[in-house]
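Same chain, two partners: chain A is paired with chain B first, then with chain C.
On to the complex of A and B.
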């Protein structure tokens, strides 16, 4: 087994794990039961997408994916904050 | 370029006049005088060429692909009209300087007047029929603006609307007629059309073309049955009535008929339509004019009657009649313009135009009285004045047309002559008798320069009347030759032709008129009558108003029965149309064919199952659980971004990510103002069968719509990829556009004109949203402060909303995000800078930047952010658009087409060689517009929350009682 195949197998395994995480997030998102659960699930879904971007970057050997991951890391939680603020205060911008 | 300058200079003058201060009466007048006098000099210099029978042309490519050229041409007829428009225009602006009161906003007046002058010159000088119609409509528009100049007066507004509706409708008919005519001939060029007379008259489409063009000309020249708008147009200031509604604009109709005489005339249809309208008009106009009490009303009906006379001559259509028509156009312009000006002087000096009040004015206004009397004598057709000559030619023509047996036209002409003398007497009666005691003001002679235009015009009447051969003959000859060409008749413009029937008719008309006037005064109480005898039921204005009322009602009825303001039926219809129309339009579906399939990947499928599941779940809960639905839609958005990543499109993923974030914030902002769900109480009945049926139908339509979209997508996917333009862009992005990010090069270089259009639309949408939100008033049930802020467990609920907003909720996130702001800025700049070559660009960067600012709004509150950062999104919008347009225009400086990209290579210290395409600046414009748009819309929505801050604490509490207990969402 060469390094390349090992790497691609590892990446595929990791992708499988991340997608499994996404499925679980989606279930929580759909089931709830409270709004807080849904917001957390959405936030984690974004996180998983960031990891997905990193893994795909490794798989494709392209640096552009890391920038996408950077952008998700920097701004992906903005919708989470908006939802949290809405839950807490009833309006997003006071 | 002389002709282009002739048309263009008045428009430039109009622009200049519009920007002058409101009290610059003198400067405005000098400007207008300079424009008119300059035009006269320019046009005058063309006389030698025109007199030699040449046709001067100037052409500019307009839509060369459609065979349309912007053609200006001048021949004798056009030249004479140009001189008429400019000369009367010059006199009118001198007159207007003294007529307009210092309280009137003169910039508007002179701007409109000069714009009219330009439009009228455009009509006269057009060498292309379509272009002529454009200028024709411009004259209608400027006439509308000038009639409505005193827009605080209801009669001015009504008159303006009526004139515009009638003439603009006529203009539309004219456009249709011109298109038919152009279709017959195969060209819109005037010279070609005029040369193709035989072919036009033989064509089966001749009659429709003639009727449509006649409708245009007859409405413009206020011919029966469209004559009613002209008296109502008299609400305009008198210089306007004098210029537009007697001397020039109403002559556009007869000008057009004369212009197209070689192409259209010479058939029985021509004589019946044009001549018939003319005869009716001249009789009715002259008759009604006698019974007017308003000076300008009398002149208006007299104008209608004289226009009818000209139209009749054109309808008769013999070459000699055309000569007489052109002659009378010129004569009428001189004496009627001077009469209007005299009426204006009388109005100006006495304060009234009511002939029942006016009397004995020759004592106070001796000079004006003399001038007006001479001009009305010309109008009546008294010998040795210009009106006599053309009227006698008219009498001679009516005699000829009927031959020895048919005299009806001669009788009509004679009757018109008699009425004409009668109303002229009525007009001059205000100068005689005892001086009136009831005048609002004591009259004096007007300022010298206000009277001088009248003097000049009356002098012209006299000179032409006494010495026609020396004065008017060469000019008339030039115009007639240009129209008639080889058919030019022999004619003699002498005052004395010996004793003949036309002279007898003139004498009869004079004697009959005096007699009629005396009888009417004696037996019909002319001064007291309020209605016109015999024809008072024939009220065109009333018919017009009734028609407009019926149209409005009909439109309302249609709207009520065919339209709806409710969104649900609209959506339903839209969906049904989306399902049905493509099926009807598209033919047989393309053959299914196999394209190479991707291998099945369980992980990718799992991601899609998540996305689809989220979408369906969102639809399921959307009605009652808005927040949950929003979170689920967010899940679908995440999956879309993940899909783009998976399919190697990281730039799309970036954009999707940012759009997703902004959308969530936008929807949450809107969610605040949606009314809460009405709790189903015990009193409410369960949904009935009807509701059940409706919901089933909606579900069916929605499912069908979704399936159709899916089928369409599937069809596209399995259809084999053919040669697309994508290949072109892939090959040429680097060489042609100087960038290796094809998407960005496509946006800012290859298709930058589309992008410019898109960002303009974006800016318009943002401004519309902003404007709508300014008038937004929330529903009563959502005005109150949200329940969370009134929760009695939270000690902060004792504070006012403003205090709460300032005292830091989400403190941890607030602090670190404030620190992260510069980093977000750097990321935005980074994605912007390298956009041309790698994923990124102005759009994504703009969104990143907006999100960075939005986060600050969310965490620190509107008040805090706006006290630290002055954003002014409106200016961003404007600046971005200017930047994008300026980049495009910059290419013109180097002689390239709009939006040509140039790539500069700059050696930058430390950085090395940097290539800077001009598309980069364009992209900067996109960036700025995107930031401005997003900020403008979201901030406008966010500002709605500030209304709670304005409520004093007590009042806010009273508006909504405190809540206790756990709130479920």
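On to the complex of A and C.
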């Protein structure tokens, strides 16, 4: 029983940290003086979303969230690469 | 929320890893918000978030292995993927930012303000990529090269 309370407290603490981090990323996304700052904030936001899915999987004791986390990681990587290429060249597909 | 009941030897490492991972993630995003320039800001996500994600992934592996009484290691997929992609993303973003900064400074005609971050080395690469260099910038580059040559000659004469 006490290990359950310890685990749920740790999961809630990590969830709070990650959500607070997402708020900070959103602030940088809104403030960011240049375009590359916004892309970096968006990439960090993707990563925090993946961590949030993993933590929800632990909190609910379900393995389904793992696939969501994997998909989020894949899509975040591809979108960040596309945005970086757009910043570099002005177009994504040449 | 229904956290499974684990034995203490699994619950304590999972809790510690979760707390450390959450704190490291928070520190990384705080760095993203608080640091001064883009080149400092990129270190927060690129380094800190990778470590925080690693901690949370290991916690998830230990938790599901203990909760389901079998080996659950498919979080290693996400871990390997992050290890491969995080440096690639950081390098591409850094290159894009450097390229944009150089182009903005060249357009503003501020090439000769002493901020010498490898412009002469990267100039052939930039012109190879089909972006026309501005004539004043090219003239300034030649002028700088002439100054350097003169300096070198002076140093050799001494």
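Methods note: the second predicted complex is superposed on the first by the 93 of 94 C-alpha atoms of A that agree within 3 Å, B and C clash if a C-alpha of one lies under 4 Å from a C-alpha of the other, contacts with A are read in each partner's own complex, and residues count from 1 in each chain.
Following the convention adopted for this analysis, contacts are C-beta pairs under 8 Å (C-beta built on N, C-alpha and C of every residue); 3 or more make two chains touch, one makes a residue touch a chain.
What you see is a predicted model; the values in this text were computed from it and never measured.
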Message: Quick one: is A:49 in contact with chain B, with chain C, with both, or with neither? Answer first, second, both or neither.
response: first
Query: Where does A:39 make contact in the superposed view: on chain B (first), on chain C (second), on both, or on neither?
result: both
Message: With both complexes overlaid on chain A, does A:30 touch chain B (first), chain C (second), both or neither?
response: first
Task: Tell me which partner A:60 touches in the superposition: chain B (first), chain C (second), both or neither.
output: both
- request: State whether A:75 touches chain B only (first), chain C only (second), both chains, or neither.
  value: first
Task: Check whether A:88 is in contact with chain B, with chain C, with both or with neither, and answer first, second, both or neither.
output: both
- request: Examine A:21 and indicate which partner it touches, taking first as chain B and second as chain C; both and neither are also allowed.
  value: second
- request: Touching chain B in one complex and chain C in the other: list those residues of chain A.
  value: 15-16, 20, 22, 25, 34-35, 39, 41, 60, 70, 74, 81, 84-85, 87-88
Message: Touching residues of chain A toward chain C in the complex: what are they?
response: 1, 3-4, 6-11, 13-18, 20-22, 24-25, 27-28, 34-37, 39-41, 43-44, 47-48, 50-51, 54-55, 57-61, 63, 66, 69-70, 73-74, 77, 80-81, 84-85, 87-88
Message: Give the list of chain B residues in touch with chain A in this complex.
response: 603, 606-607, 609-610, 613-614, 617, 627-628, 630-632, 634-635, 638, 641-642, 645-646, 648, 650-651, 653-654, 657-658, 660-661, 664-665, 668-669, 671-672, 785-789, 801, 804-805, 809-810, 813, 817, 820, 823-824, 827, 831, 838-839, 848, 851-852, 854-855, 857-859, 861-862, 938, 942, 945, 969
Query: chain B touches which residues of chain A in the complex?
result: 12, 15-16, 19-20, 22-23, 25-26, 29-30, 32, 34-35, 38-39, 41-42, 45-46, 49, 52-53, 56, 60, 62, 64-65, 67-68, 70-72, 74-76, 78-79, 81-94
- request: Using the touch rule from the top, collect the residues of chain C that touch chain A in their complex.
  value: 1-8, 11-12, 14-16, 18-19, 21-23, 25-26, 28-30, 32-33, 38, 41-42, 44-45, 49, 52-53, 56-57, 59-60, 63-64, 67, 72, 74-75, 77-78, 81-82, 85, 88-89, 92-93, 95-97, 99-100
